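Two complexes follow with subunit A in common, the first pairing it with subunit B and the second with subunit C.
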Partner chain A sequence: MRAIGTLAHRLAILVYIAFALFPLFWLVKVSVTPNDLLYSEGIRLWPSRTTFEHFRFVLAHSDFPLFFRNSLIVSLATAFAATTLAGFAGYALSRFAFRGKLTVSGLLLVTQMFPLVMLVAPIFKLLSPLGLTNSLTGLVVVYVAFNVPFACFLMQSFFDGIPRDLEEAAMIDGASRFGAFRQIILPLTLPGIAATVGFVFTAAWSEMIFALMLISSNEKATFPVGLLSFVSKFSVDFGQMMAAGVLALIPACLFFLLIQRYLVQGLTAGAVKG
Partner chain B sequence: MTPAPRRPFLQRLGDRAEPWLYSAPALIVITAVMLVPLVVGISYAFRDVQILNPFSGGFVGLDHFRALAGDKAFRVALVNTFWWTVLTVLIQLLFGLILALLLDTPFRGRGIAQALVFLPWAVPTFLTGLNWAWLFNPTIGPLPHWLHALGLLAEPSNILSDPNLALWGPITAAVWWGIPFFAITLLAALQSIPSDLYEAAAIDGANPFQRFWSITLPFLAPVIAITVLLRTVWVANFTDLIIVMTGGGPADRTQTVASYIFTQAFKRLDFGYASAISLVLLFLLLAYALLILLLRQRLIDRDK
Partner chain C sequence: MATIDIRSVSKAYGGHAPVLTDIDLSIRDGEFIVLVGPSGCGKSTLLRMIAGLEAISAGTIAIGGRVVNDLAPKARDIAMVFQSYALYPHMTVAENMTYSLRLKKTPRATVAEKLEAASRKLGLDAFLARKPKALSGGQRQRVAMGRAIVRAPKAFLFDEPLSNLDARLREQMRAEIRKLHAGLGATSIYVTHDQVEAMTLADRIVAMHGGIIQQVGSPLDLYDRPANLFVAGFIGSPGMNFLPGRWDAGARAVRLSDDSALPVERAIDLPDGSAVTVGVRPEHVGLGGDGGLAAAVDLVEPTGHGIILHLRLQDQPFKALTTDRRYLTPQESVRVTMPADRLHLFDGNGDRIA
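And then the complex of A and B:
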């Protein structure tokens, strides 16, 4: 009876793993299937011949390296800027009891609840006279603002985990508050900072709605914008589309490994963040 | 007790200002990029703002809302939003809860299994949408053929172009992508249940089902409630998968209120009308939040 239970448990886990990995497996499978086999061997689990031709084409003869670079610049800049701002604000929320603190927390929480899609039109209108539409800088500014509230809660939870006595001792020894923050607290929070960078990077790498709205030229397109326009233009080049898809997956998976240990903290800090 | 000596004014001012200095940069960015556009957007709802029309911009009062009242596509979107949100959240919760319970038992290789089943959460949503759209495509995807073989589809066709089934496409993708969220949250809650409770129950002869019913579920209930409430708002606002997979089609059968806003702003460039729909969505969400608060108050009052 017990053995059957264990077997059922392992089987159920395997079913979940298969369900989680199958779409990604199919993506990889089509990306290495030669064009002449794509239709004749449509639903075979693995093609009888494989090729890297699609990857070669995507890397050498398409704009995807450019989209990849744009996305990387935007996501890294967003991750570092948002984490810096959130580091300071999260520290204030964690260490100070001040009038207005509840208002600040409430404000941050509200920004997580209302539909961001309703900002699409006004943000476009407000950024365009500033020359920030169709610009990577504009995209970074928008993404930083969207991710700061969540990053604040995350950083606050990391600071809360560090005993106050540490900086109080340093301040008794003559360090200023900022000196104690910089020299004692920040180094201890490094793993948390890395996790926050990872979370924000992943969010910025995935963002599509505002990128579609704000970016109009190919040179400034981020990966989702480039991939979606490729899909609508060349909707039969499945091998190339999926090779590009695999490329988009790589940084996301790398950062996933980085933040895996902090998933619980990240999800509970964001609460509503995907 | 003697009163503490008053410290110099500047020092007191400095102490007061310190937390604000730390949080000011973040607050300024949020105000400039989120709160100001929010207010501006609300004003657009009462103005004629069309990017392609340079003569637009005038005040139109409630015209957009009058148009909205007679807009059939909007009514369809309201109904779709309900089904999209309810089905997505409930299916995610069900499979997420089962996964969390499976992962709560220690076994060899649990770390790797956990990383693999949580991986979908890391996949960018635009890629999730495309990936599932390809799987549902009968030319290169296996799903139509499998569904046909199981007798669920009369012929191996693309459910994304079938008006009656299309909404299941984005729901499937959303479930695949969102199971990890529920599993992670619920797993954390499961692991915080004191193990001596289970030991005591086992000594008293409770079977696994009884233990689940009288220990696990009561402990999980508040976490489930909060997660579901917050997730409902998030899923209702979540448009990426719908925009990528169906674009709201066929014939608006997968259009939700949030994706309708995007369609109006992005494809028609009618910012005024898009903002009017946004305002309605905001009111619906506020009403939902209020309902939840009232319900919570009711429950608290009843417990007293």
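And then the complex of A and C:
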């Protein structure tokens, strides 16, 4: 009976994974399908002949490497800046009592309520006199602004999960408040920081609306916008587009591979009685 | 090592009613003070104010003659053992214990020496390389103690350090704390809920209630001469019995509600007929015999060492403790006597008389 239960459980997970990963599989499949087979063998699971021609073209003859570099710059800068800000703000929200704390939390929440499209025009108006339109810096500023509130709540909840006793013990042991934060709290928040960085990075990496509206030149475009350049007036080059998509997955995968060991919870085990 | 002087200290958390009112306490160098009181009476708050973790609303706290109100915890040179132990989970036992020394940039050789001495004293040698999560509750507790004793601070603060341990381990650690204190002679303040811990460890006990110090004295002082009804009821287990009555100046006795008289030997200066409360500890109640008052047995609780009898006396719950394995059953009636020299008398305000 138990064995059947386990089997059903495994099977359910397997079905779910297959379902979730199928689009990705299709992406890979199309990216290696030669153009002449794309339509003739449209519904086959794997083409009878594969080619890396699309990848070669995308890397050597398109602007894709440029888009890729821009995306990398913007996403890394955003992830770093937003997580740093959110870390400090989240710590303050978690540990200090101060006037207007509720208001601040409330306002942070309010910023999450508007659909981004509504804000594109006012933000464009704000950024353009500052010379921040059509610039990666401008994009980073906007992304940081939009990601900090949620990242802040995320970090706050991670700090809330660390007993206050720990930093108080450190302070009695002779650390300053900042010292206790750096030596005791920060190492214990690494999983939280990793999760936040990952979240912000992917959000910035795949963002489309602002990238499309604020950036006008090809040299400054990020890759989601760049992908659109494979759509011409008369046709869509699916093979190249999918190849670009596969390449765009690489940094996200690498990134999560890097941080996954911090995502594993349980670093605070043993701090308190438990 | 140092004295600690607490002068007219009060504490109110922003906007709330005061948690501590006008606390005055002078702690001598090397003294072991135990704070007792019901939950929420402000023991931890007082400890945290001494440690510098909580701001002082009014009054002054001086450590070693120096007022520390505005000093950060790290400048006060005190060590604290938390109820939760608060071990640093990402550090090994050795790193936990030497964190304070390393912060002070103590030379490596000295650090190693002190770690070695402390871990030997606490029997932690075998665990130095482990992380706290790989330790048992008792071992974690030792590490928390070790973190404090490597420092040789001016004073030790303990906030219910043993309350998470089982009874046997607690007994063992209690003895060790006693030994440690004898060896180090450090000024210590120890918060506990445990009667036995308070009685056995303290040089002086401070009994608190509702943010106010009720009595300060040696353990036997508090046991023999409780200053008021609160202390009388709080110290001792099972708790003291109380019976309401009136002072009969002519008979030099207390008249209970059924008009029976309990003679009192001491000289007492009270107006005739004033309301008093008589207190007697369960262990001082005599059972059987002819004289005394009639009581009915409600419940019999054998403890192995003796028997706790839950009685009903003049419609009041009344407890007696006896080591006599007398065969008593519920509903049975029994005569109880209260020796005159064991009676505690409290006036209408609940304060001790004579």
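General remarks:
Just so it is clear, the second predicted complex is superposed on the first by the 227 of 274 C-alpha atoms of A that agree within 3 Å, B and C clash if a C-alpha of one lies under 4 Å from a C-alpha of the other, contacts with A are read in each partner's own complex, and residues count from 1 in each chain.
Just so it is clear, contacts are C-beta pairs under 8 Å (C-beta built on N, C-alpha and C of every residue); 3 or more make two chains touch, one makes a residue touch a chain.
For clarity, every value in this text was computed on a predicted model and none was experimentally measured.
In the superposition on chain A, no contact is made by A:72 with either subunit B or subunit C.
Once the two complexes are laid over each other on the shared chain, residue contacts for A:188 go to subunit C alone; subunit B is not touched. By the document's definition of touching, of the two partners only subunit B reaches A:24; subunit C does not. By the touch criterion defined above, A:175 reaches subunit C but does not reach subunit B. In the superposition on chain A, contact of A:37 is made with neither subunit B nor subunit C.
Annotation: subunit A residues 267-268, 271-273 touch subunit B in one complex and subunit C in the other.
Taken together, the subunit C residues at the contact with subunit A in this complex read 14, 51-53, 72-74, 78-80, 82, 84-90, 99-100, 103-104, 131-135, 137, 140, 147, 151, 164.
Against subunit B, in their complex, subunit A makes its touches with residues 9-10, 12-13, 16-17, 19-21, 23-24, 26-27, 30, 38-39, 42-43, 85-86, 88-89, 91-93, 95-96, 98, 100-101, 104, 107-108, 111, 113-126, 141-142, 144-146, 148-149, 152, 177, 202, 205-206, 208-209, 212-213, 223-224, 227-228, 231, 238, 241-242, 245, 248-249, 252-253, 255-257, 260, 263-264, 267-268, 271-274. Listed in rising order, the residues of subunit A touching subunit C in the complex are 97, 163, 165-166, 168-176, 179, 184, 187-188, 267-273. Residues of subunit B touching subunit A in their complex: 16, 18-20, 22-23, 25-27, 29-30, 32-38, 40-41, 44, 49, 51, 98-99, 102-103, 105, 107, 113, 115-128, 130-132, 134-135, 139-142, 145-146, 176, 178-179, 181, 184-185, 187-188, 226, 230-231, 233-234, 236-240, 243-244, 258, 261-262, 265-266, 271, 274-275, 278-279, 281-282, 285, 289.
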